[in-house]
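The two complexes that follow have chain A in common; it is paired with chain B in the first and with chain C in the second.
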Partner chain A sequence: MTDDLPPHPALLPVGFTDLLPPDAEAEARLTETLTARFGAHGYQRVKPPLVEFESTLFAGSGAAVAEQTFRFMDPESQRMMGLRADTTPQIARIATTRLAAAPRPLRLAYAGQCLLVRGSHLAPERQVAQAGIELIGPDLPEADAEIIIAAAAALEAAGVASISIDLTMPPLIPALLGDTAGQPALVRALDRKDTAAIAALGGALAPTLRALLEAAGPAEPGMAALAAIALPDAVRGLADRLAATIAAIRHRAPALRLTIDPVEFRGYRYHTGVAVTIFAPGRQAELGRGGRYLCDNGESATGITLYPDTILKVAPRPAARPRLFLPAGTPPSVAQACRDQQFATIAGLLPVADDITEAKRLLCTHVWRDDHAVALQGF
Partner chain B sequence: MTDDLPPHPALLPVGFTDLLPPDAEAEARLTETLTARFGAHGYQRVKPPLVEFESTLFAGSGAAVAEQTFRFMDPESQRMMGLRADTTPQIARIATTRLAAAPRPLRLAYAGQCLLVRGSHLAPERQVAQAGIELIGPDLPEADAEIIIAAAAALEAAGVASISIDLTMPPLIPALLGDTAGQPALVRALDRKDTAAIAALGGALAPTLRALLEAAGPAEPGMAALAAIALPDAVRGLADRLAATIAAIRHRAPALRLTIDPVEFRGYRYHTGVAVTIFAPGRQAELGRGGRYLCDNGESATGITLYPDTILKVAPRPAARPRLFLPAGTPPSVAQACRDQQFATIAGLLPVADDITEAKRLLCTHVWRDDHAVALQGF
Partner chain C sequence: MTALTPHHPAPDAISTPLVLALPKGRILAECAPLLTRAGIVPETDYTDENSRRLRFHTSAPDLDVIRVRSFDVATFVAFGAADIGICGGDVLMEFDYPEIYAPLDLGIGACRIAVAEPADEAGTTDFTRLSRVRVASKYPNTTRRHFAARGIQAEIVALNGAMELAPGLGLSRLIVDLVQTGSTLVANGLVETEVIAHVTSRLIVNRTALKTRPEAISGWIARFRAALAAP
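== the complex of A and B ==
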């Protein structure tokens, strides 16, 4: 009968967590910082609902996350609804329906929670915060560059410097190989960057694939190497577009650390052009990802999603308000003046024998004494 | 076959909406303002997940919202999970489990989304934002007063003045009547404040019930009337506690507009002491509600939930950043300086024939011209 025992009250489903003080405050302020920076770059905030009909949620680019989406029936409409697993498809829906008449390029921003049916071994979280931007309209290198620079500026505002930005062109390998579905072993070899297997399986393309693999790395030498590889016209066009995007970024933000990986194409399931992954210093964490895609109506768009939960682990923490204990009976005007001076005031509800002991018990940093806020360190 | 037609792509399930510019930004900033004020009053933020096992979600005070909770099976654990319909039970869970050892009174704050299975005729929304505070620990009038004053301060910071705060004591009528379940007609009459029906159904209690009804209204005359009513000791104790809470509020915030309604007790399904509803000026909207309750482990607590979606409708809008069009090629340093001056910069991606026309097309307020941000009004 142990199966029927209720779980411990503190037990949450795998992949769901409580954020406690001071983490929850830090995450909220981090998200405010990111979205404020998006706003400064002209991206206006929208807020789609957490729940939609699955028919709209999985339209267009949303199909890529269908299998990761919790679904249930709406008792009102008897239709199936889904909890969003990604926000970008919702922003694309808003852009092409309710904001279809808004001038292009249309710049939108968002921040909110997403839910996933399953976590992975490396990323067990099933509730993931997202904060991002979408630029809907012209399919231009300058547009790709803008969202990358705006995302980098948001991370810089959050105190995360020395990021590394990896640029890929997911349609390039499929354009080179033709039908990738018919070549699963080669695709796996490319995914693992297994040069021996690529040489064995690549046939006539093996030298080209090897050269593309070797072009991966820092952007400038990588693009020089890519330029020297003989490629069919359609593939060359894609490589040139990647080069144009890098040039557009360099023109505006010469100091950004850019790498390219022309062979990478899996894990960008709906991207139709330049895609990007932003890594923390040392590449130990993925801070964001995005790229160019098509809206459900065929309109081109590009966007980047940042992951506040991950950024929180590498960003410096904002200073917390000092906590000031106000003994019971402290005049409200004094309390307000202290809050105006950036104290968090902790009000004594009833008089106590020793204000200093009580202030320490309540984990305060200061106590109100003789008409002053006095640091508790000295006591 | 019309049932199988997909809904229009812009169609959302009843009760779910997209917030568009500028509403989404205004709601986010409003929530930041409310939570910053909670923080200044010593309430530390926590962030429970959107999803929990239903066994923990419906424990204690959570049982009251079970029927309004979307549920589905967790494929990982094969257990039923629920999407929170209210945040307070989650905060109570955190307080009594992970923060069981934290000093009392424990002051916690939160902000996030809740989902409801069904909306009502008057409130069709099924996704509702909540921002609130909980004070876990001593069952004191001073604690009840503190959360009311902190909530009023948060609303004032959001520019909502002239609120009206209605105080009730939900256990009072059940203490007076005994078994209310056995008197559904009388309970309905009390709920409708139907004096004729109360006189007919109230029996020996009819004069007392009528006097309690007449005590409803502004707090001071109401409490004077309540003090003059002959009540059994247990009921008198509850009335005195309401009076003590009002005195504690008056001591700290003499100007707050307070009313009492000693007969009101439905709609406060888990409240064990003083409960509160905060109304907008003119009482046309409910901005928040809360009161005293017991955590799952029996610990006493009190809290207030504010409703940002409703507050947004009555709060003044913050000034939006002016939108400055920067022609393609504007140096990045200029763009940054403009953002530092609180402009939202709208970057031209490619050169255009006429910057002013383009700036107007993009709904900008300003254009960068001859090294200055120039207002478009003049053109």
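== the complex of A and C ==
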């Protein structure tokens, strides 16, 4: 091509975004709100590096994100490294190595950025913020419930008006089918809730699968329907565990909006127990996701990751800090006093002819005049 | 918001009507009796293909319908712009959105996605020897998958219509297209050599809508199921 235009300096690679004022501050404050709430629930912050060896990054539950991970060779060690596409495997690694001797249950929190090799049609972003918690140790319904309650509390603190929590048991369908690899068409039909194909391909299990499909929905009627379905013992055990988790959640948070979906098994390769997705009702938004998994050494853990980028779109914006123009020469003590009153102070560097015009030009809401902060609205 | 999706104050979305996306053209007419039996009577100018309106209220106060191109039904539903839709199995195969559930086979709009080639060349090529083949299609993903499963790279010539002209004019060796009766193929000197899939129209629902408004969505699925069972 001879007519290629030089790349525009504002153009970013696909899936990347500059956050500008006031969004960047809103995002930072939101992340702070979420992690503060996690801290209040006893989850202590850890900070894994952006990059680590792929052999540790993809161990255990990390295998699921291998294909989404940017990889490159470490010139130092000549080993392959990966730039994290998910933080959970890193927390699991820390828990089972450096913090192997820390008392269980171990409660850890994190917040940071992840990088994906490719976005999807629906979610093109390739840099994704995560803020989450992991509860490493006992495999108990109370533990499953705790992380969900803590996440709900964090979202409430962020001002998210309503959430809907979908609970699934990813190992249930594989346990019922026995062999999933040998029945790709049926697995696919179940994933897409294609009742016609399930009836055709399900064989002797078709009526059970159909009943399980119909049990999906609000938690209480759904669990009642699930209880009435005849299931093999191993599968019944999984269903009972889902019921126990719901009971544990209800005990602590009776008003949460819960749904179940016993047929969903997306992510079953790494989720070994109850999994959860948090939606904002009426919005095309997944606010968070998580579930039970096994660390690389076989220790059970559960965790939940919230997505601040998405939450930012549904949470109300905090009131912007008022901006006060201080004409050049305003004493530093005045400036400090104004900042103490939550003003953002915008200092004039040189005297100007008209302070009000200058304050408006700099998008201030107030101007310092006659020893007072005066709102600009009247001018 | 500087990100791609604009920030909206949270609407009271639980009480807003559900949106049903319907495909224009062939399937629209076939849908009509089914909609009536499901208790959905759209406003009068809905059936008027010349009407410029695209969104219509219906006799059900909690349901609006939109009329879009058949390929776009899947996109509207995948992104949640519509909560439910009626969509050809060919479109679902092509886009393969994980955000779409397809709970009901409506049994209407039956046809097949098929491979066709010029009648005078049919049977002359040993496809097992090919590394790649050029195919004209509006189903690039379906076509690529189909040939990849046979160890062949399909080089897609993306066309939106008049596919049948492509082999005769040297644009491609084969075509992959939706075939209902096969008469268009015959009229253009082509012969169907392989069926990739038989398809019918599906009732589809958005995954998030089903998870967050399960009562309303399940209610509509049940009404469509009952409408299918009715004589």
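Keep this in mind: the second predicted complex is superposed on the first by the 369 of 379 C-alpha atoms of A that agree within 3 Å, B and C clash if a C-alpha of one lies under 4 Å from a C-alpha of the other, contacts with A are read in each partner's own complex, and residues count from 1 in each chain.
Note that in this section a contact is a pair of C-beta atoms (placed from the backbone, for glycine too) under 8 Å apart; a residue touches a chain by one contact, two chains touch by 3 or more.
All of these numbers come straight from a predicted model, not from anything done at the bench.
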Which of chain B and chain C A:Ala347 touches, first, second, both or neither: first
Which superposed partner A:Thr17 touches (first chain B, second chain C, both, neither): both
Which superposed partner A:Glu52 touches (first chain B, second chain C, both, neither): first
Partner chain in contact with A:Glu134 - chain B first, chain C second, else both or neither: neither
Which superposed partner A:Glu299 touches (first chain B, second chain C, both, neither): neither
Superposition-derived comparison: chain B or chain C, residues of chain A touched: B
Partner chain(s) touched by A:Asp355 [first = chain B, second = chain C, both, neither]: neither
Touching partner for A:Leu363 - first (chain B), second (chain C), both, neither: first
First, second, both or neither for A:Arg339, with chain B first and chain C second: first
Partner chain in contact with A:Ala216 - chain B first, chain C second, else both or neither: second
Common interface residues of chain A - those touching chain B in one complex and chain C in the other: 17-20, 23
Complex contact set, residues of chain A against chain C: 17-20, 23, 121-122, 124-125, 161-162, 164, 166, 191-197, 213, 216-218, 259, 261, 266, 277, 279-286, 309, 312-314, 316-317
Contact set on chain B toward chain A in their complex: 6-7, 9-25, 27-28, 32, 35, 39-42, 44-53, 55-56, 59, 70-72, 74-77, 79, 81, 83, 93-94, 96-99, 103, 105, 107-108, 110-113, 115, 117-118, 126-127, 138, 140, 142-143, 146, 252-253, 296, 321, 323, 328, 332, 339, 343-347, 349-350, 361-363
Of chain C, residues touching chain A in the complex: 1-5, 7-14, 16, 78-80, 97-105, 202, 206, 208, 210-215, 218
